[in-house]
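Got some structures for you, see below.
Two complexes, one shared chain (chain A), two partners (chain B, chain C).
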Partner chain A sequence: MTKVILPELGSGVNEATVSYWHFEEGDKVTEGEDLVEMTTDKATFNIPAPCSGVLSEVNFGEGDAVKVGDVIAVIEEAEG
Partner chain B sequence: MVKFPHWIKRKVIINTRFLEVKGLLDKFNLNTICYWAKCPNLFECFSKGHASFLILGKICTRSCSFCGIKKGSPEKVDFEEPERIARAVQILDLKYAVITSVTRDDLTDKGSNQFYNTVIAIKKFNPKTKIEILIPDFNAKPKLLELVISSGADVISYNLETIKSLYKRVRVYSSYQRGFEVLNFLGRNSKKAFLKSSIMLGLGEEQEEVLSTIRQLRLTGCDILVIGQYLKPDKNCMDVIRFVSPEEFNLYSEFAYKAGFKYVLSSPFARSSYLAKNALLKLGGKTNDESYIARTG
Partner chain C sequence: MIETYCSVIDFGLIDYKKAYKAQLEFLMSRQLNEISDVLILLEHPHVYTIGRLGSKSNLLINQRELKKREIFVYEVDRGGDITYHGPGQLVAYPIMNLKLLNLRIIDYLRKLEESVIRFFEDFGVNSTRKEGLTGVWVRDKKIASIGIGVKKWVTYHGISININSDLDYFNLINPCGIRKLRMTSLASVLDTRIDMHSAKRTFIESFMEVFGFRCDGKIPALD
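Showing the complex of A and B:
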């Protein structure tokens, strides 16, 4: 199980808004592939999947504000 | 939530090199303009091992309305900072180092000695590393500009940032004319270093004003030009008036090359220090440059 956590996107940037999910819960994802788009006051950032597996948890919907350090999603890693 | 056009999108890359760069900057207590100005290219650059060091603290004595750096009473000058940067350059094995600073109107030398000492220290520890300095205007004082030229930096940059009619709004304590004094002085007196400048678009400038600024910049002897999209770093900063399309950025690039610039980077995410080493890789050393030799003897 790997948590996808919102990193700090610049000094003093405490949160970002989910602007687009590239996948839905239950989808297979590949490491490095864009997973979710997050928007700050400055730009839009694509957060890639940190590992390959199944997207087992999506904790925030489009339009939701996420704080730095929050778990945006969980990926159940592919076996073998 | 701001609605950005589809081209204003960056990828968050956190790889081993990113962690190495970030870890060392923290360990050595070094600042970068990348982090403090909330640069959207930070992830790409750190993950490739590029970082632009910010010297003389992280608090600026001017209040430019485009900039995300904090304004206020600046920190004490850290005289050990040049050597820490030099050691970080060595550990990270940087072939190209970019040094910039906040503006220090509170200091008699405006911070010019810290620039000089940082370049000298980097060279001492890393004789092969090429160095770019992005300086504040030092109030256009010839002695201070001469000092940084004499450091032997390979590229000297002074960012004009915007066109003349927007100066009061964008850079309240700076002046367009003084910016040109700086660039003209550097153009005349810098025998070794390439001269570079940058402007941002999307602050309300007209196309004709952009073209005229590009022409004027080239007349100073400026060799390298960077043109990028302004993005609002902070809610207290100016709003973006317009998102300039990648196609329009290409037009400015063509125009700048025709005006005589030797290297141009013009695109939405172009920033003064973004991919900075590419210009020197393409141009080689200034002293080998024929048009330069012809111009200056």
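Showing the complex of A and C:
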């Protein structure tokens, strides 16, 4: 089980909003593939999947605010 | 050892959609590590673009007027609201791997601003950031706007700096979604037309300096 966490954004900004999910709960994801698009005031950025597996938990929906360090999603790693 | 080379490409005056397609191609190549970081410089024909946080309500003219003035409107996948691009405005799209540069996303925005502030210093113009806002200002007027996108930690979209821009075009929108935001240009501040070629050179220098890139002084697209 690997947690997908909102990384440090820098310069005192500690929140971003989920703007688009590229995958749904239950989908297979590949390491390095963009998982979720986040938006701050002037930046739209994607968080890639930290590992391959199944997206087993999505904790924030589109439009939700996420704080740095929050667990956005969980990936159940592929076996073998 | 981190690769700290950044190449520069000058597209000249180029259609927004064409440049967007080129950006995506560079973005993909950069993600696959096929190319080094790249700084794309260009000017667009008259166009309004609306970012992820934007709304068409900040566009203050109707379809017919847009058509008459030959202005295109695009909704795009960068941060920020509506902005204007047009001839005389220096647009920079850095395609850079933030992970390899060890840069966090908002720190990257601040560095972009820093490169613009240093650029203006070279022209003897004092510019600043504004608390809580992104972009660069000369006194109470905005002179440079920023809106970026990041995919697989590689940046695209970027900065637009008003050099000789026709500022009237900003009056037809609420720039950045802010009502009555006043814009200016380097030419207005200095009360003289600026040579775009030398503006590009100056910007390349300040950009490379701020991001710590090696710059061999040769810029193929410009020389």
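Quick note on the criterion: the second predicted complex is superposed on the first by the 80 of 80 C-alpha atoms of A that agree within 3 Å, B and C clash if a C-alpha of one lies under 4 Å from a C-alpha of the other, contacts with A are read in each partner's own complex, and residues count from 1 in each chain.
We adopt the following convention: a contact is a pair of C-beta atoms (placed from the backbone, for glycine too) under 8 Å apart; a residue touches a chain by one contact, two chains touch by 3 or more.
These numbers come from a predicted model, not from an experiment.
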Based on the superposed arrangement, let me know which partner A:L9 touches: chain B (first), chain C (second), both, or neither? both
Now for A:G63: first (chain B), second (chain C), both, or neither, which partner does it touch? first
On the A-aligned overlay, A:D27 touches which partner chain: chain B = first, chain C = second, or both, or neither? neither
Is A:E77 touching the first partner chain B, the second partner chain C, both, or neither of them? neither
Should A:D41 be classified as contacting the first partner (chain B), the second (chain C), both, or neither? both
Do chain B and chain C land on any of the same chain A residues, and which? 7, 9-13, 19, 34, 39, 41-46, 48
Can you name the residues of chain A that touch chain B in the complex? 7, 9-13, 17, 19, 34, 37, 39, 41-48, 63
Name, in rising order, each residue of chain C that touches chain A in their complex. 51-53, 77-80, 103-110, 133-135, 146-153
Inside the complex, what are the residues of chain A that reach chain C? 7-13, 19, 32, 34, 39-46, 48
Report the residues of chain B in contact with chain A in the complex, numbered from low to high. 1-2, 4, 8-14, 35-40, 42-43, 68, 231-235
